[in-house]
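After this come two complexes, each holding subunit A, first together with subunit B and then together with subunit C.
Entry: the complex of A and B
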């Protein structure tokens, strides 16, 4: 029943799209009917898509296995929370979520932009509806979440256990709010371009939308990263896996876009740049969906997939790119008069860092797409790993961090460096600190020292801004401070992480100069939809402190999969991380023990960064 | 003669061009150095000379071939035509087991011995790495 309602709501939603398109085209001539009628139509569309979405959730809660999606991804013994999150833990449901967010955003956009001109809102609506119609057809034709199965199975196939996790349950909705949020930036930028509407006021208004999707994207990536850290048991937070890369690329584009819009808002320059970035952000988000869903990516994250879906998104994607290039080339009139600014100014520093970000983006894009490209033309199968990214990104991070440290201190148009004394002092202090850290702990890596100095430099200079200027420009200070903290913690984490990997039987002890790991015992327990084996390990370090860690192995009933649950002891300075794994038919357990310094600061700093965004969104004073 | 402004503009365009080509060169160069090729056991057997760079191999873990001791894990990867012995020290993913697909990254010692530095985790028991699927299909 719920599936039936869900399916017909989708059809209704699609029909409403067509009606809205009809009205908004008509509206270009006669503007009297715009507001009430069209807003209520978009509301109904949002309503029907939500109804469809709730229909699916309801089928999941009720374990209605006559629905194919529910059958494939749910099970009666699954806890309620994961039954619900299972709704978007699969291809069909997650696309329905895409659609839901698309319709939500256009509805909110119409509500919030009553001060803008009708033509502009109308055209934005029209472009957004084209995207929405595309997704409606995609969903109904290639991946309907409401297919029937007959005879009705008694039990479902269950949700992949590694998705049964609180962080991953909320990761897709948050990430999608970011991804899909960029659609509204795309539509309104194209609308503004065709109407020649781009102005300082427009920049001020679109800035909010950029911020919203940026905040969600940041938080979404953070959640995914935390999940990968403790659930996949690889003990890291970023693996340069293609699926991670496709979320980082729109983030870089969005961050660059945000900074450009700040310039646009002040000076009305760089309009072409802003348009290009808006288009790329959404294209990259779509591209991400395409790559993840088509299955052509050679990634550990890839789930089961279907080539027809990929083809559809690809064609749709090219259609949108073509449309936007057309609008950009034929409608965009560049009339930037006061293009001059002194080389030492805020504009220059933002521009330089934009170039760096574009460079990082290009590197990631090539690293992600090149293997696919090569396979198509030469059927050679390759993969591109972390060394590629490290080698190409890390050296350029150094000037990037320096410009980021100095840039915010400069004024618009023409500036002089103030407080040269502090700048030099910080530089000397940073170099000294880094030198001693690297020297005492980790040989003499020149690059490490320089990198660490630049990170410390940014850290000191943003901390000073933070303390001296306090609430003036709080959001920027907070976000930049968070970023410096992030880079610093990542570096220190990378340099000082240690790990021990060994195979132990119960009762055995691993011993090295610094540490003693005793595998004391295991015990097993039975929980609702899985059995668990809990290992008990005593870890004794040089100072004879004993720490007890209890990693788990979970054996899920359906699907029958074993997963490792890491045990992590976190404090402000370091994470102690342990996983164990049992190899088929063997007595040995595969044990991994890691010491990861400053792990918690990586998460906290990303929170700080997005918090900066949130403050900027709500703070009126900050607009100057 | 050209004015200063025109000169400056030419210089600027030249600079941008230079930076772009340098970037492209840099990226392609390190791409060449850092890609990891995938080979099936049969590919390995037919190699003219032993690959010195890091490669990936993939296939099925042969039944009754897993052997584990304190330091290392040994197993055999097969594509049902040729086999290769693998020795590995490191983290063993949950879904690693006999009769299932596997991808290992590391270095070839000779045509029948592979020293793995990483075994790739998978997320889904139905999921088969595309390379493994293709390698098995060819047989």
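Entry: the complex of A and C
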């Protein structure tokens, strides 16, 4: 029943799209004021898509296995929370979520833009409706979440246990708000370009939408990263997995766009560049969906392999790209008039920021796509992994950090370096500290010293801004300070992480000069949808402090998969991370114990960064 | 300068467990740079599959035999193909992969230079 309502709501939603398009064109041509009816219609569209979405959630809660999606991804013994999150833990449901966010954003956009002109609002709506119609057809035709199966199975196939996790349950909705939120930037930029509407006021208005997407995308990536850290069980938080890259690319584009819009807002230059960035942000989001959904990528995230779906998105994507190129070339009037700023100015530093960000984006884009192309052309398979990205990104990170340290201090148009004393002092201190750390703890690597110096430099410089200028320009100071903290924590974490991998039997003890790991006992328990084996380990360090860690092995019944759950003891300075795994046909367990300094600071700093964004979003005052 | 002193003292206080470069570390480093061929997007280091475990043993053995890191990569490449290496080699297949980003960086710089520096004069 719920499935049926869900399905017909989708059809209604699609019909509403056509009605909206009709009224919108009529309004665009004839009337002089914006037709209120259109807002109501977009609300109804949002309402019907929500209804469809809730229909699916309801089928999941009720374990209605006559629905194919529910049958494939749920099970009666699953806890309620994961039944609900199972709704978007699969291809069909996650696309329905896409559609929901698309319709939500255009509705909010029309509500929030009462001050903008009728033409601009209508045209944005029209372009957004093209995207919405595309996704409606895609959903209904190739991946309907409401397919019926008969005879009705008694039991479902269950959700992949590694997806049964609180962080991952909310990760997709948050990430999608960011991902799909960029669609509104795309539509409104194209509309503004066609109408020659781009102005300082427009920049100010679109900045808020960029920020909204950016905040959600940042938080979404953070959640995914935290999940990977404690769930995938090897203590890393970023793997340069293609699907992670696919979420990082729109983030980089959005960050660049945001900085660029700041220039546009102040100086009304670089409009072409802003348009290109807006288009590429959404294109990258779509591209990501295509890559993930088509099953081309070899990744932990891939859950659908269907060439027809991939083909549809690809054609749709090219359609949108052609539309945007057409609008850009035919309607955009270039503004090359007042580039009158000097080399030492805020404009230059933001341009350099853009330049480097685009480079990082290019590295990731090429690293992700190149293996696919190579395989198609020469049928040779290569892998592009962390070493590639490290080699190409790290050397460029150093000047980037230095520019970031100095840039925000500069003024518009023409500036002077103030407080040269502090700039030099911080530089010397940073180099000394880094040299000292690397020398004493890690022996080698010149590049580490330089990299760490630049990170410390940015850290000191942003801390000073933060302390001295404080509430004046709080959002920027907070975000930049957070970024410096992020880089610093990642670096220190990388340099100082240690690990011990060994096989132990119950009762055995591993001993090195620094640490003693005692495998005390195991306990087994029976929980609703899995059995669990809990190990108990006593870890004794040099100072004779004993820490007890209890990693788990979970044997899920539906589907039958064994996962290992890490036990993590977090404090301000370091994380102690332990996992255990079965060794086949033996009574040994494979134990992995890691000491990871400053882990929590990585999460906190990303929170700080997004918090900076949130403050900027709610800041009514015009910031300098 | 007091600040610096405090930082140095702080760093001493939280003595980090620091590893020395040993065979064990080298083995971990190598396994991190290898793809687990039967897994979905995991390295040999990350994985606990049979394939990954046997490869870990193989690498340990090869290291004990005295092979260098490079020789081990070469050996595995011949056995399993380039797909196993996370660090793509620089050869005719990958010229574009390695050089295109840097080329784009230079082109970007050149465009900026042309628009903002030359036009102005």
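Everything that follows uses one rule, which is that the second predicted complex is superposed on the first by the 613 of 624 C-alpha atoms of A that agree within 3 Å, B and C clash if a C-alpha of one lies under 4 Å from a C-alpha of the other, contacts with A are read in each partner's own complex, and residues count from 1 in each chain.
Everything below uses one rule, namely that contacts are C-beta pairs under 8 Å (C-beta built on N, C-alpha and C of every residue); 3 or more make two chains touch, one makes a residue touch a chain.
Given the structure is predicted, the values throughout are model-derived calculations rather than measurements.
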Fit or clash - subunit C, subunit B, common subunit A: clash
First (subunit B), second (subunit C), both or neither touched by A:585: first
Touching partner for A:77 - first (subunit B), second (subunit C), both, neither: neither
Partner chain(s) touched by A:113 [first = subunit B, second = subunit C, both, neither]: neither
Which superposed partner A:514 touches (first subunit B, second subunit C, both, neither): second
Of subunit C and subunit B, partner touching more subunit A residues: C
First, second, both or neither for A:162, with subunit B first and subunit C second: first
First (subunit B), second (subunit C), both or neither touched by A:147: neither
Subunit B versus subunit C as contact partner of A:496, first or second or both or neither: second
Contacts of A:563 with subunit B and subunit C, given as first, second, both or neither: first
Partner chain in contact with A:199 - subunit B first, subunit C second, else both or neither: neither
Doubly contacted residues of subunit A, that is, touched by subunit B and again by subunit C: 232-234, 298, 300, 302, 359, 362-363, 366-367, 370, 380-385, 387-388, 391-392, 501, 564, 581, 584, 590
Complex interface listing, subunit C residues touching subunit A: 3-4, 7-8, 11, 14, 16-19, 21, 28, 32-33, 35, 40-43, 45-46, 48, 50, 81-88, 93-94, 96-98, 100-102, 104-105, 108-109, 112, 115-117, 119-120
Residue numbers on subunit A that touch subunit C, as the complex places them: 232-234, 236, 239, 241-242, 297-300, 302, 336, 339-340, 343, 348, 351, 355, 358-359, 362-363, 366-367, 370, 374, 378, 380-388, 391-392, 396, 429, 432-433, 436-437, 441-444, 496, 498-499, 501, 514-515, 564, 573-574, 581, 584, 590, 595, 597
Residue numbers on subunit B that touch subunit A, as the complex places them: 23, 26-27, 30-31, 34-38, 56, 66, 68-73, 89-98, 120-127, 129-131, 134
In the complex, subunit A residues that touch subunit B: 160, 162, 232-234, 295, 298, 300-304, 359, 362-363, 366-367, 370-371, 380-385, 387-388, 391-392, 501-504, 508, 559-564, 579, 581, 583-586, 588, 590, 592
